[in-house]
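In order of appearance the chains are A, B and C, and numbering begins at 1 in each one.
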Amino acid sequence: MTPIFYLLAAVTLAGGLAAVLLKHLVHSALAVTVAFAGLALLFLQLDAQFAGFAQILVYIGAVAILIVFAILLTRGSDLPKDGVFSKTWFLGLLIAAAVFAVLGWAVLASVSAIPQQNTLPSVTVHDIGNALVGRYVLPLEILALLLTAATIGAVIVAMHEKVRSR
Amino acid sequence: MTTPLAGYLLVAALLFAIGLGGALVRRNAILVLIGIELMLNAANLNLIAFWRYGPHPEALTGLMFGIFSIAIAAAEAAVGLGLVIAIYRHTNTAELDKIDRMKG
Amino acid sequence: MQVQLYQFNLASIGTPPQAWIVRWLWLIPAVPMVAAGIIALLKQAQKRLSSALAISSLSFSLLLSLIAFIHTLSERKLFLYFGLDPMVHNTVNFAWFHFGATRVDLGWVLDPLAAIMLVMVSFVGLLIFIYSVGYMAHDENFTRFFCFLSLFAGAMLGVVISNSLLLLFMCWEIVGLTSYLLIGFWYQKPSAAAAAKKAFITTRVGDIFFFLGIVWLFSSSGTLLFYNRGFGSIEPLSLAILSTQHAGLGLSAAGAIALLIFAGAAGKSGQLPLHVWLPDAMEGPTPVSALIHAATMVAAGVYLVARVYPLMSAGAPPGGTTVALTVVTWVGAATAVFAALIAVAQNDIKRILAYSTVSQLGYMMAGLGMGGVAVGMFHLITHAFFKALLFLGAGSVIHGCHEEQDIRRMGGLKVDMPLTFITYTIGMLALCGFPIFFSGFWSKDGILEAAQHSAAIKGPFYLLVFGALLTAFYMTRQVCYVFLGYWRGRETAHESPKIMTTPLAILAFFAMALGLIGTPAWPWFHAILEGRAATFSWHGFAEPGLGMLMLTSSLVVFLGLGLGWRLYGNKSPKPEEPDALEKSVPWLWGPLRDRLYVDEFYDVTVIAFYRWWARVADWLDRRVWGGIVALVAWIFALWAQLNRLLDVNWVDGGFDKTCEEISEGGGLLASIESGRVQNYLRILAVAVVALVVILFWSSRP
């Protein structure tokens, strides 16, 4: 484990933790942006440059902004009266801990079975582009459809209802 | 020494757990969505890590999977947040405790 | 000199073909019964048709009876000519039913005894039927009367020709039934209904013993037929067995059975102590009294004893008699005197005649016991005629006096009702036994002679002579009260119509003429019944002691007539005045008038016992059996309550609770659907954890 890795991991995790623990929604949104950034850097460390930059573009560039907009539109800046955590927060915590325990145990128990490849593959954007329109053209097209449908759906769902004329 | 796969996987697992905890514990709908994004990201990390350290990285399978996942996550975030706004308009609240019309 | 008789068993010469009258003998009782059935279906208004049917059916029976009688006589002549035993019993027997190896046979018989009885019953019956048309003309239940009369006639004729003791018993019961129906004919009168019940129940007591006798006879001899070509129950073969079987109390089986059968006869013929129903039976219409309680039904008992006479006399030592016959004689003699005593002090015209009938029946029984079948039957036949005559005459008197029956309110009727007076006097003299010209003299004398000559039994003779005295006395009293003196009634009396007086005249003729066939000079009647030749010879009177006896009995009759005349004569005391005899011996009069307290005795003993028993039975029924029923009902009610509790609490409750719990459980499950998305997410996460654990756990090496 290289120190870079620990740093990046710490940043990401801190960002995530901060996102769920902070009271102000806007602070949470900013924290999650940090988490996204940390993840992007982790991708870069994993030699998945395209994925990393796509992460920055999409997540930080779009999703985070969306979140901020949503906070804006739902008056998220007003703090609720009863507190930000639900009444049964302990149970939720417990469940999350249980999930982590299981996943961690699964990982650690099966580490030896995973063959590890250390050689760096030569992955160029050219290869990715070839793959996209070659082998993965169908998923690409469907993804395009999906994105279209999602956009249209989001617009319709969030639109103001037209006032019906009497 | 390069970081072993297990490390990445553990970080992903922890991030996943954090995301899940956030989704379960917080009352605001947007924070639940933030938690879900974190979970998705943890899954992406898993994918990319497996691509890097798994067999045949030149097949680009994991990388493609991850990219597509990012794209879909974006779509899903858009729709989800649109829904939250719509619900806010109807019930004038974004707190999930209060939205239980599907009760019973 | 007697003709030597050769005893021939008919079986030894084979069975000759039977005369058609013997085969068709069953028509004689059947036709009136069928007529009764048809009359029962007619409407009340069809009076002429019902009486025509009844009279024609009985005329038909009379015709057949006469043919049967002539056949018997000619058969007798034939047999006597060939020197055979003329006492022939022509029988037609058939099996009724079998059970196992035994069988019960029925059949009918035609012999001299049956033939004589057939003619008497159908002839006297026919005369009374004709009389009833006039007597009952104004009664609205005319049709019903003739229906019952016809049924009675059929049943009585059935008793006469029956060859099986069982068939006889069945017809006997029908006779008793019709007697009940006819006594209680005017059933709206409570006294009539009570009298009918009394008659039926009293005769029933006798019938129970009769039935026991039947059963015993059947079990001992295996058959109930009288005559069955040597194998009948009263034929010598069977009697030999029965008279040697011992039955306790010093009796043989034959004697015991004979006594049981006599008990039935005693009930039907009104012997002491079962005589109490006969005087009360006068509640019925007068023709009923004449037919049933004078001529025929009461004679059925005497006829029964005559029929089973071989049984009664079985095992008699030579020169002596059996226990059964001794009992019959003493009961008869006692009854004769007892009833005659009571008759002296009665004031109802029919009641006097009723007690007279009881007394005369006693004579008949005594005659049977001491003198045999012929003596008793002769008196039965003559009595039938003159007693029917007396009853019909009394009916004519009652009718003429506008339904008055008390003799103290009559009188002087010899002027207003001359025909009735003449015929009634003839009947009365016949009953008293006035010498020579009246049949009663010869028949009663036959009995007295048998009593005198009876070696074993001495007492009855004196009793019977005393009874004759009393008979003359009370009949004179009655005639003086009714016909002599002056009229003490309300309206003037009138003579009865011809349809009523003609039978009286016919009967009066026979009351005188019948004596001629039974005199010692020409004992034709006795010869027929005893199976010997009858010759006319004045030497019959030359039997030792006969002249003395005839003189004695005549003197007794004159004494009685004289006493009666002296006390009652032409005087007609007012109804309120006490009777002449009562004035002289009041201490005697009282008990006699009160019928010697026999009814009261029964009331205190038997009736009281039955009342007590009825109360006990009622208590048992209500408390014990009713209690048990109530207890069972209570248990069931309790059980029902328990079931209800179980049902409501356990079954219903259980069911309801289960439904409630399911409902609650459903509610519980529904609470998972909180509508809150975060809760769904939690559940999902838990499920994922569980699945992963399962997956990894199961895939461990």
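Keep this in mind: contacts are C-beta pairs under 8 Å (C-beta built on N, C-alpha and C of every residue); 3 or more make two chains touch, one makes a residue touch a chain.
Note that the coordinates shown come from a computational prediction; the quantities given were computed from them, not determined experimentally.
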{"item": "Chain whose average C-alpha position is farthest from chain A's own", "value": "C"}
{"item": "Chain pair, A-B or B-C, that carries the greater number of C-beta contacts", "value": "A-B"}
{"item": "Separation of mean Cα positions, chain C and chain A [Å, integer]", "value": "128"}
{"item": "Centroid spacing, where centroids are CA-atom means, of chain A and chain B in whole angstrom", "value": "5"}
{"item": "Distance between the centres, which are taken as Cα means, of chain C and chain B, whole angstrom", "value": "123"}
{"item": "Chain A: positions in contact with at least two other chains", "value": "86, 91-92, 95-96, 99, 103"}
{"item": "Multi-chain contact sites of chain C, meaning residues that touch two or more partners", "value": "678, 682, 685"}
{"item": "In chain B, residues with contacts to at least two other chains", "value": "20, 24, 96-97"}
{"item": "Residues of chain B defined as touching chain A within the complex", "value": "1-11, 13-22, 24-31, 33-35, 37-38, 41, 44-45, 48-49, 51-55, 57-58, 60, 63-64, 66-68, 70-79, 81-86, 88-89, 94-97"}
{"item": "Partner chain A, residues of chain C touching it in the complex", "value": "678, 682, 685-686, 688-689, 692-693, 696"}
{"item": "Residues on chain A engaged by chain B in the complex (per definition of touch)", "value": "1-2, 5, 9, 12-13, 16-17, 19-21, 25, 28-29, 32, 35-36, 39, 42-43, 45-48, 50-51, 54-55, 58-59, 62-63, 66-67, 69-71, 73-76, 80, 82-86, 89, 91-93, 95-97, 99-100, 103-104, 107-108, 111, 114-118, 121-123, 127-128, 131-132, 136, 139, 143, 146-147, 150-151, 153-155, 157-158, 160"}
{"item": "Contacting residues of chain A [partner chain C, same complex]", "value": "86, 91-92, 95-96, 98-99, 102-103, 105-106, 109"}
{"item": "Complex contacts: residues of chain C adjacent to chain B", "value": "670, 673-678, 681-682, 685"}
